[in-house]
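One structure follows; several queries about it will come next.
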Amino acid sequence: MEVVFLTFILMLSIFLGFELITKVPATLHTPLMSGANAISGITVVGAISLAGNGQHDMANWLGAAAVAFASINVVGGYLVTDRMLAMFKKRGS
Amino acid sequence: MESTQLTIQLAYVAAAALFIYGLKLLGSADSARKGNLLSSVGMLLAIVAALLDQGIVEYQWILLGFVVGGAIGAAAARLVQMTAMPEMVALFNGFGGMASLLVGAAALSGSSNTFTLVTIVLSILIGGLTFTGSLVAWGKLSETLGSGAVMFRGQQIVNSLIVLAILFSAVMFCLQPENSIWLYAVIALSLLFGVMAVIPIGGADMPVVISLLNSYSGLAACAAGFAVNNNILIVAGSLVGASGIILTQIMCKAMNRSLSNVLFSGFGSVSSEETVIEGEIKPISVEDAYYILEAATNVAIIPGYGMAVAQAQHVVKELTQLLEKKGAEVNFGIHPVAGRMPGHMNVLLAEADVPYDQLLEMDDINPRMETVDVAIVIGANDVVNPAAREVESSPIYGMPVINVDQARTVFVLKRSMASGFAGIENPLFYKENTRMLFGDAKESISGLIRELSN
Amino acid sequence: MRIAIPKETHPGENRVPVVPGTVKKLCLLGAEVTIEPGMGEGSGFTDEQYTEAGASIEPDRNKLFSEAEILLRLRKPTLEEVALMSSGCIHISYLDPFNEHELVRALQKQGVTSISMEMIPRTTRSQKMDALSSQANLAGYVMVLLAATRLPSIFPMMMTPAGTLKPAKVFIIGAGVAGLQAIATAKRLGAKVTAFDTRPVVAEQVRSLGATFLDIDLGDTGETAGGYAKELTAEQIEKQRQAQKDVIADSDVVITTAQVFGRKPPVIVTRDMVEGMRPGSVVVDMAAETGGNVEGSVPNETVEINGVTVIGQANLPNEVCRDASQMYSSNLFNLVEDAWDKESKRFVIDFEHDILPGCIITHGGEVTNETIKNILAGGN
Amino acid sequence: MESTQLTIQLAYVAAAALFIYGLKLLGSADSARKGNLLSSVGMLLAIVAALLDQGIVEYQWILLGFVVGGAIGAAAARLVQMTAMPEMVALFNGFGGMASLLVGAAALSGSSNTFTLVTIVLSILIGGLTFTGSLVAWGKLSETLGSGAVMFRGQQIVNSLIVLAILFSAVMFCLQPENSIWLYAVIALSLLFGVMAVIPIGGADMPVVISLLNSYSGLAACAAGFAVNNNILIVAGSLVGASGIILTQIMCKAMNRSLSNVLFSGFGSVSSEETVIEGEIKPISVEDAYYILEAATNVAIIPGYGMAVAQAQHVVKELTQLLEKKGAEVNFGIHPVAGRMPGHMNVLLAEADVPYDQLLEMDDINPRMETVDVAIVIGANDVVNPAAREVESSPIYGMPVINVDQARTVFVLKRSMASGFAGIENPLFYKENTRMLFGDAKESISGLIRELSN
Amino acid sequence: MEVVFLTFILMLSIFLGFELITKVPATLHTPLMSGANAISGITVVGAISLAGNGQHDMANWLGAAAVAFASINVVGGYLVTDRMLAMFKKRGS
Amino acid sequence: MRIAIPKETHPGENRVPVVPGTVKKLCLLGAEVTIEPGMGEGSGFTDEQYTEAGASIEPDRNKLFSEAEILLRLRKPTLEEVALMSSGCIHISYLDPFNEHELVRALQKQGVTSISMEMIPRTTRSQKMDALSSQANLAGYVMVLLAATRLPSIFPMMMTPAGTLKPAKVFIIGAGVAGLQAIATAKRLGAKVTAFDTRPVVAEQVRSLGATFLDIDLGDTGETAGGYAKELTAEQIEKQRQAQKDVIADSDVVITTAQVFGRKPPVIVTRDMVEGMRPGSVVVDMAAETGGNVEGSVPNETVEINGVTVIGQANLPNEVCRDASQMYSSNLFNLVEDAWDKESKRFVIDFEHDILPGCIITHGGEVTNETIKNILAGGN
C-alpha cells in the first residue's frame, strides 16, 4: 500500500511542482533554484535518526557525517538564498 | 500509531506544506524572501520533529554534525561574494547529494529487503553523481577548473562503459548486499560518472546543469527517504525533484536550447570537429522572447514598413513603456528609407505619441548598437540588411543600414521569410544572434506585452 | 413669434447667423422665421434651402427690422438699425457692451431687449449657447493652419533619405479655448508644442493634450469665478516676458491668444522678441484686433518684421465660415430654445432664468446688466 | 501486495493524474473540451480498475445500476435545454451526494472501528446535505420552487437547533453504531439541514451555492473513500473538494461578495426589515472589474477630462480592441462638453485611431444605454452626473448628460472622490450598480488589459 | 501510517487545486464546476465494490443504488460539460 | 574641383539648390565651392552663411558658368546658359529630358555632362539622391494645407456643445510619394481619407497609413520595373472615372497626384465630376502644370467651378522652401559624394556606377541615355 500512496504523492508533487514553477520570471530562477536546493537538504532528517542510533557502528558515523553535509546544504542554502533575495529587494525599491 | 509518532508525522505534513507554500512565494519577486523564510521554518519544524523520534538515543553526534555543518554553511554563505553565489549553490547542492549517499550507505546495515536495497542503491548513485557533478560545476563556474567543455576522443565509449559498469554493480549489489565490494563499486562509479557527465558541458550552460543536479539531489533525498522509511524525505525530495526538473526545462527554453542539447552537445561535438556553423533560421516563441527581453537593460527598436502594415505603432509604444518601467533604456532607430514614404515611421510613431527624443537617426544609433542587449526589428527588412555592408554584389551594397546584427540579440518580427521592397535575401535572418519571431507584428508585440505585464 | 434674420453687412464676413437646419428647428418650436434674401450666401446656403426649411423671405430690410419680434444676428447692430426696431423686440447678437456704450444707450432708449452673446456665462450648463467658445475653438484651428501655410518649413518631424527635418517648435501663449485647440491642431500636425497661461489650472489641461507647459512663477495669478484670467500687474507682465524670451527666440511659430475678459489684452511679445526670432518664423496674434498681444501686429494684415511674418488677421473663424456659421447658429438656437415657452410659443424674458439675466444688457428701457450699468455710470 | 491489486492501485494513480490534468485543461477555453474528455477517460479507467477488484463476485447489480443511472444521466444531459444547464449540474451534483450517503450507509455493515465510524457519519452527513441542498438549488434555478430567498422569523434558532441535533446524533451514532436510530437520525437531519441551509439564499447566488455543494460532494466522496478504504475516492474527492472551495471563493469575488455574505445574508435579514438600502461607495479592484467585464457583451465607454489627464487614450483603444476580440460590442459615448475644450475627446481618440463610427453622440447612446452591460466612465464626472436629471436644485439641472446609471453596471475610473469642473457632488457614485475603480485611469485600464489578455 | 499519507495527499491536493483553479476566466466557471462535479461521481468506484459483494444484504442494495446515483452524476456530468464546452467553441470560431 | 552654384532665376522660385550646410560638406570632400551672390536669399540664407561654410562668391554670372567644373542647380538651364559652359563641365539639375529636346541637343553639342535629377533610378540605394521623392513628399504636405485653408469647414471631427462637426472627407487619387504624404497629413489633421491608385501594391501602403483604399477592378494595371505606374488604356481610364464619381461627389476635398512617368498625366476628374461636388469643396491638382488630372484646372491658378475651388498651383514644394531646399541640397550632395573619388578629389563619371548611367543624359558630346536617345531619334 505504501508504494501506492507514495506514487500518489509523487504524482501530485510533480503536478504541483509544475504549476508552481512555470511562469516564474527568469530573474528569479537562481534564487528559486537555490531555495529548492536548501529544501533538498531535508536528508538531514533521515540522517538524524541514523546519527542518533547510539550504536557507534558504521551507520552511526556515516549518519553523523551525513548530518554535517546536509546541514551545510540547509544552513548555507537558506542563507545564500536570502542574501540573493535581499539584493533583489534593493534593486526594486 | 502512538501519539508522538502521529505528532511527528503531522509535523512533517506541516513542514511539507511550508515547503510548498515557500516555493510558491519564491516564484514572485515581491514575496520571494518571505517564501524562503517560510521554507526554512518548515525545515526547522522537520528537524525538530525528527529529533523527537524515539529511535534517537544519543544527541552528541547529531549536535556535532549540526554544529560543524551549520558553521561551515553559514560561514560560506556569509563570506561568499555576490558574484560567486551560483557556484556556492552548486557546492551546497553537492553536499546535499553527499548526505544522501551517506544516508543510503548507512541504511544498508539495517535492512536487506530487495526493495530497500534498490532504494539504497538509487540514493547512493544519485547522491554520488550529484556530489561530484556539483563539484565539477562549482569548479567550472569559479574558474577553479577551466570553464570550457572538456572533450576527448572516445568520450562516448568511456561514458557508455561507465554506465554499463554502474548497472552491473548495482544489480550485483542488490543480489549480494553482504559483499561490500559492490557497494564500493557503486559509490566509486557514481562519483566518477558525476565527473564525466559534467566535464563536457561548457561553463555557460552550468546554470542548467546545477538546476538539474539540484533536481537530482531532491531525488536522492527521495530515494534515501525510501531507504530509511521516512515520509518527509520522500515528499520534500519528490517535490524538489519535480520542480527542479521543470525549472531546468524552463531555463533551457529561456536559453533556446533543448535539455538533451545542453547535456549531450559536448559528447557529440568531438567527432564532428569540421562542421562549420552554417547560419540557420532560429524561430523563437513569444514566451521565449519574453524571457530574453525581460533581462535586457538596453533595447533598440527598429521599425520598418511591416510595423505600418500591421498598424502596430500603438502596441510598440506600450511595449517601450513597459520595458522602461522595468528599468530598460529603449530607443528607436529610424532608418531614413524605412517604410514607403519619407517620414513614414515618424507619422506613425508621432500618432502613438512616442517622444521625439527617443527617435534616433541611423547615424546616432549605429555607434551604440554594440551596447544594445536586444534589438527588436519590427517589420523592417531592407534597412537592416547587413548585405549592404558585407556582400559586394548586393544591389544595396554601400547603402548605410542599421547594424542590428551588432546587438547582442536580435529579434526579427515578420510574418514569413519573404523579402522586402528591394526583393533581396537578408543574411541577418541567418546570423547566430538572430531569432525570428514569426507572425503579424502587432500580435507578436501584444503577446510580448502580455508576458511582460504578468 | 416672428423671428427675423437680416443679412450680415460687415465687409468680408462670410459667416451667417442662422443655417437652414436651425431654421427648421425654430419652425418646429412654433416660430415664424423670415430672412433677408441672400442671407446665407457667405457660407454657401441658398435662399431655397431656407425656404425649404420653412422660412419666408422679406426683401425689404426696413420692414424686416420693424416687424421682427426677435432678431437673430451675428454682429452688433448699427445705430440706424436700432432705430428701425420696434420697442420690445429681442435682439440677440454679439454686442461688445464693454466698449459700445453709445449702442447700448440706443438699444436702451429704443426699448429693445438686447442679449449679448459675449455675456453668456461660462458654466457647464450654458456651454451649448456659448458662442465665444464655439468660435474661439475654430479660431484656434485656423491660426495653426495660417501659421503652417506661412512657415517655410513643415510642422512634423521627418526622417528621410535626404536628411532629418526637425519638427517645428510652436509656442502658444494663452491656453483658453482657442489656445487649447491651437495646441491640439499643432500637435496633430506633428509640431513640438509648448504653451503658457497665467491661470494655474491650465497646466494640467495643456498636458492633457500632450503638450509641454512652460512653468513660470508669476506669484499669485488665479482666475475669476467665471473661469476668466485676472489682469496681471505690470511687474508680472514683465516677469512673464522675460521668462518667455528664450522660448520665443527658439520657436518657429508663436501663437498668442491671451485675453483678459472685458479689458484690453496684455502686450506679451515685444518688438525685440519678434526680432529675436529666426527669419521665416511666424507669429499669429489672435488679439490683434482688440489691441494685440504682439507689439507691431497690425489688425487684419500680415506684416513682416525683420524677416518674421506677423499675422494679425481678425475674424479667424470666418476662414472656416461654414462650420463657424453652423456652430453659431446652434448656439443661438440653444439659447432661444432654453428661454422658449412651449405653451405660448414665445421667448420668455425671465429674470429667474439661470442664464438669461447675465447676458441681457438692456430690457424694457433699462440697462439691466449690473456690470455694464456700472461701466456706463462710471462714464468711462 | 499482489500484482492485480497493484495494477488496480496504479490504475487509480493514473486516473487521478488524468483528473488533475483534465481539470488543468478545463481552465482554458481552448483546451477545455479535451480536458473534459481526459477526465472522463480517467473515470473510465477508475471504474474498470474497480471492476477488477477480487471482492466483486456478482456483476448484475452493478450493471443494473450502471444502466439505470447511465441512461438517466445521458438522457437528462441530452435533453436538457441549453439555458437549463446550471440547474442540471445542481441535480447531478445532488445525486453524487446521494451516492456518497448510500456508500457510507452501506459501509456500516462491515466495520465498527471508531475511525471508520467517524468517516461513515461524515460521508452520510455531507452526502445528505449535498443531496437536498442541491435539490433545493435545482428547484430555485429551474423556478420549480420560487427563486426568492425564503426567510422566516426564528430561522436562526431553528437552524442552530438542527446543527446541535446533528452533532448529538453523530456522536451517539459513533458510540452506538448498532442502534440504527442514530443512523436514521443522522440521515434525516442531514437531509433537513441541506434544505434549511439553501432556502434562505436567493436565486442569483445559486451558482456560488452549487459550486460549494460541488465541493462538498467531493468531500463526501473523500469521506466515503475512508469508509470503504479506497484510495482513488480519497484523492479524487479531496481534489474536487479543494478546487471546488477555491472556485467558490473566486465566484464570490467575481460577484464582489464574501462567501459568508452569500451563505448567511439570508439568515440575518429578517430581523432588520426596516433598513433602507442607502447609497454607499462600492470600490472594486481591477481583478473583480475584469470578471464582470469579461462576461459583458455590450460595453459603452464614456471618456472625460480624466482620460485626457491620464493620457489614457491609447490604452483605451487597446481595451476596446480586446473587448471586441472577445465578442463584445463597444461604443464610445461622447458628451459634447467632455474635456476642457470643444472636441477634446475627438482629438485624443483620433490620435489613438479609434474609428469615427464608434463614437456616438450623447443623443445616440442614451437610448441604447439600457442594453449596455457595462458602462466604463473614464475620468468623466459632470457629463455623467444624474443630478442633472434628478436634482432640481443642482446647478446643472436640465443639462442633458449621458445616462450611464441606466446601464446594468457602471465602472467609474477616477483617482478619488473629488468633484469635476463644475464642482458638484455626483450621486452616480453612490448608485446600486456603480463600482468605483480608483486610481489613475491609465493604470486602471492597463490593469484591465493585462487581465483580459491572460 | 495511512492517515499520514492521506493527509499528505489531501494537503497536496489542496495546493494543487488552488494552483489549477485560480485564474480560470469567469466564462469557464460553469463548465469547470460541472466538470469537477462529474469527477465527484468517483463514488461510483466505492459503490461498485459494495454492489458486487454478492451478499444480497442491505449493503448490497444500498451499493447498487449508489452505483445508479453515481452513474447519473458521472455520465450526466461529463455529457453536460461537453455540451457546454461545444457551445463555447462555436462562439469562438 | 570647382563647383559653382548660380542663383535660380525662375520667377517665384524660392528654393535654392544648395544650403550652407551642404557647402560645408562639399568643402570637406575637397571641392572648391563658388556661389553667385544672393543665391540663398529665397529660402532665407545669407551670403555670409555661405562664405562661413567655405564658399567663395563670384558676382560675375558669366564667369561663374564658364569656370565651373560642376554646376549644381535646381531648374534646367536656359540655352544661353548652356552656351556659357565649358566642355566637360558637369551640370546637375532637373532637366525634363523627355520634353526638352532642344536643350538636350544643346548640352550634347556643348560637350557638357548633364545629369538629370528626374532620372535617378527608384532603387533603395539611390533614394538618398532621389529629388523627385524628396520634393514630392513635401508637395503632398503642402497640398493638404492648401486644401485645408481653402475649405470653409474644418478637417477633424468635433463633438461640441454646439453640435457635432463631421470630419472632412478627403479623397486622394494617386498614392505615390506625394499622395502618401498627403494621406498622412490629412489623416493627422483628422480627416476621413480614402485613396486610389492604379498600382495594386499601393493598397497595402495606403492602409498602412490608416486610410481606406478604394477598390476598383481595372483589370491588369501593374507597374514598371522602376516602380512607376503603367499608362492605362482608354477603357480603363473610363472605368476608373465611373467608379470614382460617387466618391468624388461625396468628398469635401479631392487631391490628385496621378502621374505616369515620362507621359502626360491622365485626366481622371472630369468637369462634370467637379460640378457634382458640394459648393465650397476643394480640388487640388498636383499635375496641373504638366497637363492636369482635373479637367478645368489652370496651372498656377485657383479657379472656381460651380462653387468648387480648383487649385492648380505648381511648384508646391516652394511653399515650404526652406525644407525643400534643405532636402534638394542633400540629394545633390549625396549624388556628388557617391560619385566622388576621394583620392583625386574629383567627381568621376563612371559608366559602371550603379546609379549614374541612368541619369546621365549627355556626356562627351553624346546622348548617353538610351531612353532619351530613342526619343530624340524617334523624333518624338
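A, B, C, D, E and F are the chain letters, set down in written order, and residue numbers restart from 1 in every chain.
Just so it is clear, a contact is a pair of C-beta atoms (placed from the backbone, for glycine too) under 8 Å apart; a residue touches a chain by one contact, two chains touch by 3 or more.
Chains and their UniProt names: A, C, E, F = proton-translocating NAD(P)(+) transhydrogenase; B, D = NAD(P) transhydrogenase subunit beta.
This structure is a prediction, so every number in the text was calculated from the model and none was measured.
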Any chain in contact with chain C as well as chain D: B, F
Shortest path length from chain D to chain F (each step joins two touching chains): 1
B-F or B-C - the one linked by more C-beta pairs in contact: B-F
Per Cα centroids, the chain farthest from chain D: F
Gap in Å, rounded to a whole number, between the CA centres of chain C and chain A: 77
Rounded Å distance between chain A and chain E, as computed from the means of their C-alpha atoms: 35
Separation of mean Cα positions, chain E and chain D [Å, integer]: 18
Chain B and chain D: spacing of chain centres that average the CA atoms, whole Å: 39
Chain D residues counted as touching two or more neighbouring chains: 20, 24, 235, 311, 336-337, 342-343, 347, 350-351, 353, 454
Multi-chain contact sites of chain E, meaning residues that touch two or more partners: 1, 5-6, 8-9, 12-13, 15-16, 19-20
Where chain C touches two or more other chains, by residue: 127-128, 133-134, 137, 156, 158, 160-163, 165, 188, 190, 210
Contacting chain pairs - touch in the sense defined above: A-B, A-D, A-E, B-C, B-D, B-E, B-F, C-D, C-F, D-E, D-F
Chain B - residues contacting chain A, complex: 19-20, 22-24, 26-30, 32-33, 35-37, 39-40, 42-43, 46-47, 49-51, 53, 55-59, 61-62, 64-66, 68-70, 72-74, 76-78, 80, 82, 85-86, 88-89, 91-93, 95-96, 98-100, 102-103, 105-110, 207, 210-211, 214, 217-218, 220-222, 224-228, 230, 232-247, 250-251, 254, 291, 294-295, 454
Complex contact set, residues of chain F against chain C: 14, 43-44, 127-128, 130-131, 133-134, 137-138, 141, 145-146, 148-149, 151-154, 156, 158, 160-163, 165, 185, 188-190, 279-280, 307, 319-323, 326-328, 330-331, 334
Residues on chain D engaged by chain C in the complex (per definition of touch): 305, 308-309, 311, 336-337, 339-344, 347-348, 350-351, 382, 395-399, 421-422
Chain C partner contacts - residues on chain B that touch it in the complex: 334-337, 342-343, 345-347, 350, 353, 356, 359, 361
Chain D to chain B touching residues, read off their complex: 311, 314-315, 317-318, 351-353, 446, 449-450, 453-454
